[in-house]
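Once you scroll down, you'll see the structures, which are given as C-alpha cells.
Heads up, the next two complexes both have chain A, just with different partners, chain B and then chain C.
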Partner chain A sequence: MFRQREGSPFRGLAVVALKEAADHMTSMRVHLVMLLILLTALGSVYAAIGQIKETVGEDAFLFLRLFTTAREPLPSFVAFLGFLLPLVAIALGFDSINGEYNRRTLPRVLSQPIYRDALLTGKFVGGLIIIGMCLLVLWLLMTGLGILLLGLPPSGEEVLRGIAYLFAAFAYAGVWLAVALLFSTLFRTPATSALATLTVWLLMTVFWSMLAPLLAGVLAPIDPLDPMTAVHQVEVQQAIARISPNVLYGEMTLGLLHPETRTFGLLFPSQVSQALMGAPLPVSQSLMLIWPQLSSMIAAFLVLFTIAYVSFQRQEIRP
Partner chain B sequence: MSVVIETKGLVKRYRGHVAVNGVDLTIERGEVFGLLGPNGSGKTTTILLLLGLTEPSGGTVSVLGLNPLRDPLSVKQRVAFLPDQVGFYDQLTARENLVYTARLAGIESGMAHRRIDESLARVRLEAVADRRVGTFSRGMRQRLGIAEIILKQPEIAILDEPTSGLDPQSTHELLTLIGDLARGGMTIVLSSHLLDMVQSICNRVALFNRGKIGLCGPVETLMGDVMGGTHTVEVDAAGIDLKEILAGKPHVMRVRQDRQNNWRVDTDADVRPEIARHIIAAGGELRRMSIRQTSLDDVYVRYFEEAANVQAA
Partner chain C sequence: MKFAHAFPASLALAALLTMGPATGFVGPGPAHAQEPPSASDSGPPKGLWLTTPYPMLSAQAGEEVSIDLSLTNEGLPPQRVTIGIDGLPEGWTYEVTGGGRQIGAAMASPDSTRDMTLKITPLADAEKRVYEFEVTATGGSQDIVLPIAVTLTETQPAQLTLEPELPALRGTVRSTFDFQVEIKNDGQEDTVVNLLAEAPSGFEVTFKERYGSNELTSLPLKAGESKNLSVGVKPPESMKAGQYPVQIAASGDGATAQSQLVLDITGRPELALAGPGGRLSGNAVAGQERSFTFTIENRGTAPAKQVEFSSSPPSGWEVAFEPEQIEELPSGETAEVKVKMTPSEKAIAGDYVVSLRANGDGASDNASFRVTVETSTVWGVAGLGVIAAAVAVLGFAISRYGRR
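Entry: the complex of A and B
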C-alpha cells in the first residue's frame, strides 16, 4: 500500500546530531578513548621522527614518512589508527539506540514532532562529527609536530595526500560506527551490543588475515600442473581478505602514503617492463588506485546503515 | 464541544497475540478522560496508536481531525505525551533536558527559555533546574514530565500511568498539576490502574478488559450500571435469610451473601434503618451494620469479577 508521509524526515536532525556530539564531548568514555589515541599518536610520531633522523638521507616524501614509519617496538601512526579508530567508533555507537530504550527516553523523544529517521541519522551524524574532529585534530597535531621537530614544511602534494588519507580514515571509522549503530538497534542490552561489535572487530582485525588463506585454499585449490590455479588462488584470497574493512584501510594507506605503490595485487614482469621501479605516482593516479577500496568502504557503510535504519523503523517503541 | 480524538474498530496485533481488539473511543475537547484497566489490557498500546508511535493492524484513528500515520508531525506538534515511567537524560540538567525537547518541538529559542522558566516554576522544580536529572526522585521526574507538557502547550495531553510508583504525597501533587492543566482548557487522556485518582479527576472513563472497552461513560453512570447502586451496606445478622426479606423493597438493588450470616446490600440511598427494621421484624438477630459509598474500586473489582465469570462459563 502506498502511503505518503507528511513533513520532512530531516526535521530535528541537526538538533539530535548536535546534542549527540555534545554528549560525546562530555562523556567519560569518549575522553578515555581520545586520551589513549592522543598518547599513542604522540608516541608513534616521536618514534618515527627519531627513526627518520637516523636513517633517511634523501626522500621526496619525507613528510609522509611521519605517518608510516615504525620504530620497534611501536607500530606506525597509521597502523595505530587502523587499530584504534574502530575502537573510537564502537565507543561512540554501541549504546546509541538501545541506550535510549534503557533510559526510557525513546517514547518521549519520539513523541516530539520528529520522525524516527531524524533520531537514527542524527545519532550517526553526531558520531561522525566527533570522529571527524578527532581525526582533524590528530592530523594537524602530526603536521605541526613534523614541522617543529623535522624543521621542514610539507609539500603541496603531501598535503593533498594527507587530506585524502584523512578522508579514507574517516570512511573507515564510519564503517565501524555503522556496525556499532546496527548492533545497538539489534540488541537491547548495551553490553551485548558492545561485545558483538568487539567480536566483529577482533574477527576483522586479527583473525580475518588468518582465515582468508584457509578459505581461499578450500575454494580455489592449486593444481600443481596448472600454474594459473596458483594465481587464481591468490586472487580469491585477496578478494576474501578485502571483506575486512581493515584490509581495505591498509591498502588505502599504502596507496596514498607510499606514492610509489602501483598495485595491491600480483604484478607480472610483463606489466612493469617499461616502468621505472620505485618512481612515485602522481596524486591523481594514487587516488585512482585506491578508488575501488574507498567506494566499497562507503558502500559497506551505506548497506550497514540501511539495515540499521530498516530494523529501527520496524521496532516497536515499547521495551 | 467538538470531538478531538476518535477511533473506530482499532486493532493491534503483536506476533500472535492481540493487544487491542476493536476499540471505539470518542473524546471531546476539554474532557479529562480516564483509560482504566489491569496491566496488559491494552491501555498503553491504545495510547501509542493515538500518537502514531505504532501502526494499527486495523481500524482508524483520528486525532484533531488528522491521521497520526499520515501526518504524524502535525499530530505530535499538537499532542503531548508523558510515557509510563518517563525517562530523561540523566547526565543533563532538568533545564537542558527541556531545552532539547523545545528544540525538537521547534519552539523558537527566546520563547523556549521563557516557557521553560515558567513551566519549571509551575511544577516547583525551579530550585533544582540546574541539577542533573540523575539525582532526581521518581516524583520529581514525573513533575519534570509535566513541565515538558506545559512547555509544549499542546491541545491534548496524553499521560500513561502518571502516578504509578509515586508516594501519596507526590501523587497528590501530580494530580493537582494535572487538574490545573485541565482547568486551563487542555484535553487530558490518562491511563491508570489507580482508581481513586481517576475517580477524583476524570469526567469520563473507559474500562479496558483484554483489549476491549468493557464500559465507557461518566463515573457515576458506571457505578449505577455495574454496581446497581451508589451505597453498599454490609450486614452481619443471624437467624434470617436477608435475601428473602429484602426482596422487592424500595432502594434495594441487590443482595449478596458473602459468608454465613454476612450479606452485602447494594442500595441507591442510605436505607440502614429500613433494613434493620426488616431484620428485627423477621425475628432475626442484627449484630452489625455498616455503610460506605461505592467507589470506582468496587466497580472495577466487580466488573472484572463478572468478566472473569463470563469467561469461565
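Entry: the complex of A and C
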C-alpha cells in the first residue's frame, strides 16, 4: 500500500533540528517569551533569597529553598516555571507544521533528501533544544545567584536533586511541546492550533483541579456506611487529577525539592506510627518516589508524538 | 563579810574567796584593802587591788605562760603604779603588756579596772618544781604585792582519737559512702591535725565538715575539743563486688589516731545494647525481612540473669529475636543477638524508629533503632514498562508509516 523507501528515516534529522533551533533563536516571538521568563525567574529568585535571608535560620537544604520559597506578591521559582514552561513550549510548537504549509515551504523542504520522519522529529528536537537551553540557563543562573547572594555552595545532594528537577521540568515542557506539535499537525491554521493548545493548557492548569473531584464523585460515590468508599473516592480523584501534567509536575517538584516528602497519596495512621516525619529521604528514595510521575510524563510525550507522527505521515502535503 | 556582795569584779571575788593569801594586799596606809574599811561600815570598799584569776598554775619549761592581771581602783584618786616582779628565777624572762604594747607602769583611774597580761618564759632546762615570785605594784598610795606560784611540769603528749559512728557501710558502686567520724583532741595543747586516708586504688576519699561542703586536708583542734567530720568514699564504677577497707588517720604534733572504715560493695548487672557495628541505624526494604546483629554487653559487676528481648515496632512490622532469651550473661561478657525485622508492606519510604529492649534481672537497656525503609523497585520497573510500551507504539508507527 505504502511504498517503502530505502535508508534511515532519520537522515537529515540533525540538519533540520539545528536549523529549527536557529530559527527559534532569531525569532522575535521566542525572544519575547525568553525575556519574560528570564525576568520573572530573576525576580522570584531574588525575592526568594531575600526571604531566606530574613526567615530561614538553619536548613540542611538551603539551596533547594531557593527554588521553592515564595515571597508575596511573587510566586516561587518552581511555580513560575510550572506556569511559564507550557507557554514557552506552546510558543515554540503551535505553528511548526501548519506554518510551513501556510508559507508553502513544506514541499520545498521535502524535495530535499529528507524524509518526513526527519522533518517532524527535527522540529520536535529543535524545540527541545531551545527549551533545554532555556532551562539550563535558568538553572545555572539560579545556582550562581544563590552562591553569590547566600554565600555558600550547594551540597552534592542538592546538586543531584537540582539536576533531577531540571530533567523533570524538561520532561514537563516536552509534553507541552508535543501537545503543541500535535495540534499544529492536526489543524491547518496556526490560529486554530494555538487556540486549541491554549484551551488544553487552560483546562489542565486551571480547571482540572475543579473537575477532578466532580468526576471522582460521579465515578466513585461515597457510601456513608462504608468508610472505605471515601478512601476509594480520594484515590480515584487523585488518579484523575494526575492526568494533568501540571499535577504531575507539582508532585515531582515536591518530591525532589522537599526531601522530607515521603509519599503523595493518602496515609493511614498505621503507616506513620513511629515514623520520623521531617527526616529527609535519601536521593535514591526521592527518585523512586517521583519515578511513576516522571515515567508517565515521558510515556505521555512519546504517545503524543506518535499520534502527531502518524497524522503527519498520512497527510497530503502537496499544496 | 558584808563587803562580799558589793564587790564589783567577780574574778577578783573568786580570787579573794579561794586564794585569800595570794591577793595583793596594801601596805601601811589608812585604807586597808584586805579588811573591811575601818572608817565606815557603809558604802563600797575603797582601795587599790592587783589581782589575777589563777595565782597558782602549771607551765612547761621553755614555753611562755600568760597570766592575766587586773589593777582595780575603787574610790581613790587616780594614781600611777609601776609594775614590777620580784624573785623571778634567774634566766627567766618576763614582759607585761597592756593595751596591746609592752608597759612598765599603769594608771589606776578611779572606779575602774586596768587589765594587763604578764608573760613569763621559764628557762628551757629549768628544774621541774614549784617556783614562787611576786608581782609588785609600787608608786601609788599603796604598795601591792601579788605572790604567784608556777609549777613546771612534764609536757603532756598530745592525744587524738578518731572514732567513726558507723564503721561499715553497704552500697553499690554508684553510691557514695558517707562515714560520720568524730575527731577529738584529748591532749592539753591546741594542735593542727592533718587528715590522711589510705584506700584501694581508684577510691576517692574526701574529708568534709559535717554539714559543710568544703573539703578539708587539715583542721585546727583546740585542747579538749572534738569535731564531727564526714568522710566520703567514692568507689570506682568498675569495682567488683566485695569488701574494701579504707584506713583513715589524723596526725598532729606527734600524735596520731587511726581508724578503719569498711565499704561493702554489692554487685549489680548493667546491660548495654548496641546496634550492628555500633550504629543504631540500618536499611530495610518494605515487606522484606532483614537481619541485624546486635550485641549485648554486661558492663556491670554481677552476672545478668534471664535477659529477655522485646521490641515495640511500628504497626504492621514484625520483629523477631534470635535467641529470644539469654539465661545468664556474666559480668564483662558480650553476646550477639540477631534481630530480624520485616517492615510492613505498606510502610512508606523513609525513617522509622523501632525501639528494642533488653530486660534482665535487675538491669535493662533499650535502644532506638532507626530503620530507613526503601520501597521495592517493582514500581520503578513498571514505570520503565510504560515507557517501553510507548516506545513500542512509536516504533510500530515508524515501521508502518516511516520514510515517506
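In this section, the second predicted complex is superposed on the first by the 314 of 319 C-alpha atoms of A that agree within 3 Å, B and C clash if a C-alpha of one lies under 4 Å from a C-alpha of the other, contacts with A are read in each partner's own complex, and residues count from 1 in each chain.
Assume a residue touches a chain if its C-beta (ideal position, glycine included) is under 8 Å from a C-beta of that chain, and two chains touch if they have at least 3 such contacts.
Just so it is clear, the model here is predicted, and its values are computed rather than measured.
**Q** Here chain A is shared; do chain B and chain C fit on it together or clash?
**A** On the superposed model, which is not a single observed complex, chain B and chain C fit side by side.
**Q** Just to be sure I read the superposition right, which of the two partners does A:G12 touch: chain B = first, chain C = second, or both, or neither?
**A** In the superposition, A:G12 touches chain B alone.
**Q** So, does A:T105 touch the first partner chain B, the second partner chain C, both, or neither?
**A** In the superposition, A:T105 touches chain B alone.
**Q** With both complexes overlaid on chain A, does A:L281 touch chain B (first), chain C (second), both or neither?
**A** second
**Q** Centred on chain A, what angle do chain B and chain C make, from Cα centres, as a multiple of 10°?
**A** 160
**Q** Could you say whether A:T26 touches chain B, chain C, both of them, or neither, answering first, second, both or neither?
**A** So A:T26 only meets chain B here.
**Q** Could you say whether A:I114 touches chain B, chain C, both of them, or neither, answering first, second, both or neither?
**A** It touches chain B, and chain C stays clear.
**Q** Quick one: name whichever of chain B and chain C touches more residues of chain A.
**A** Touching more of chain A: C.
**Q** Once both structures are aligned on chain A, how many angstrom separate the closest C-alpha atoms of chain B and chain C?
**A** Chain B and chain C, overlaid via chain A, are at closest 7 Å apart by C-alpha.
**Q** Which positions of chain A sit in both the chain B and the chain C interface?
**A** In chain A, positions 4-7, 115 sit in both the chain B and chain C interfaces.
**Q** Report the residues of chain C in contact with chain A in the complex, numbered from low to high.
**A** 312-316, 344, 346-354, 370, 372, 374-375, 377, 379-380, 382-384, 386-387, 389-391, 393-394, 397-398, 400-404
**Q** Spell out the part of chain B that touches chain A in their complex, as residue ranges.
**A** 14, 44-45, 48, 51, 53-54, 69-74, 76-77, 79-83, 85-91, 100-101, 103-106, 145, 148
**Q** Which of the residues in chain A come into contact with chain B in the complex?
**A** Against chain B, chain A makes touches at 3-7, 11-12, 15-16, 19, 23, 26-27, 103-115, 316-318.
**Q** Taking the complex as given, what residues does chain A use to touch chain C?
**A** Of all residues in chain A, those touching chain C are 2, 4-7, 9, 115-117, 262-263, 267-268, 270-276, 279, 281-282, 284-285, 288-289, 291-292, 294-296, 298-300, 302-303, 305-306, 309-310, 313-314.
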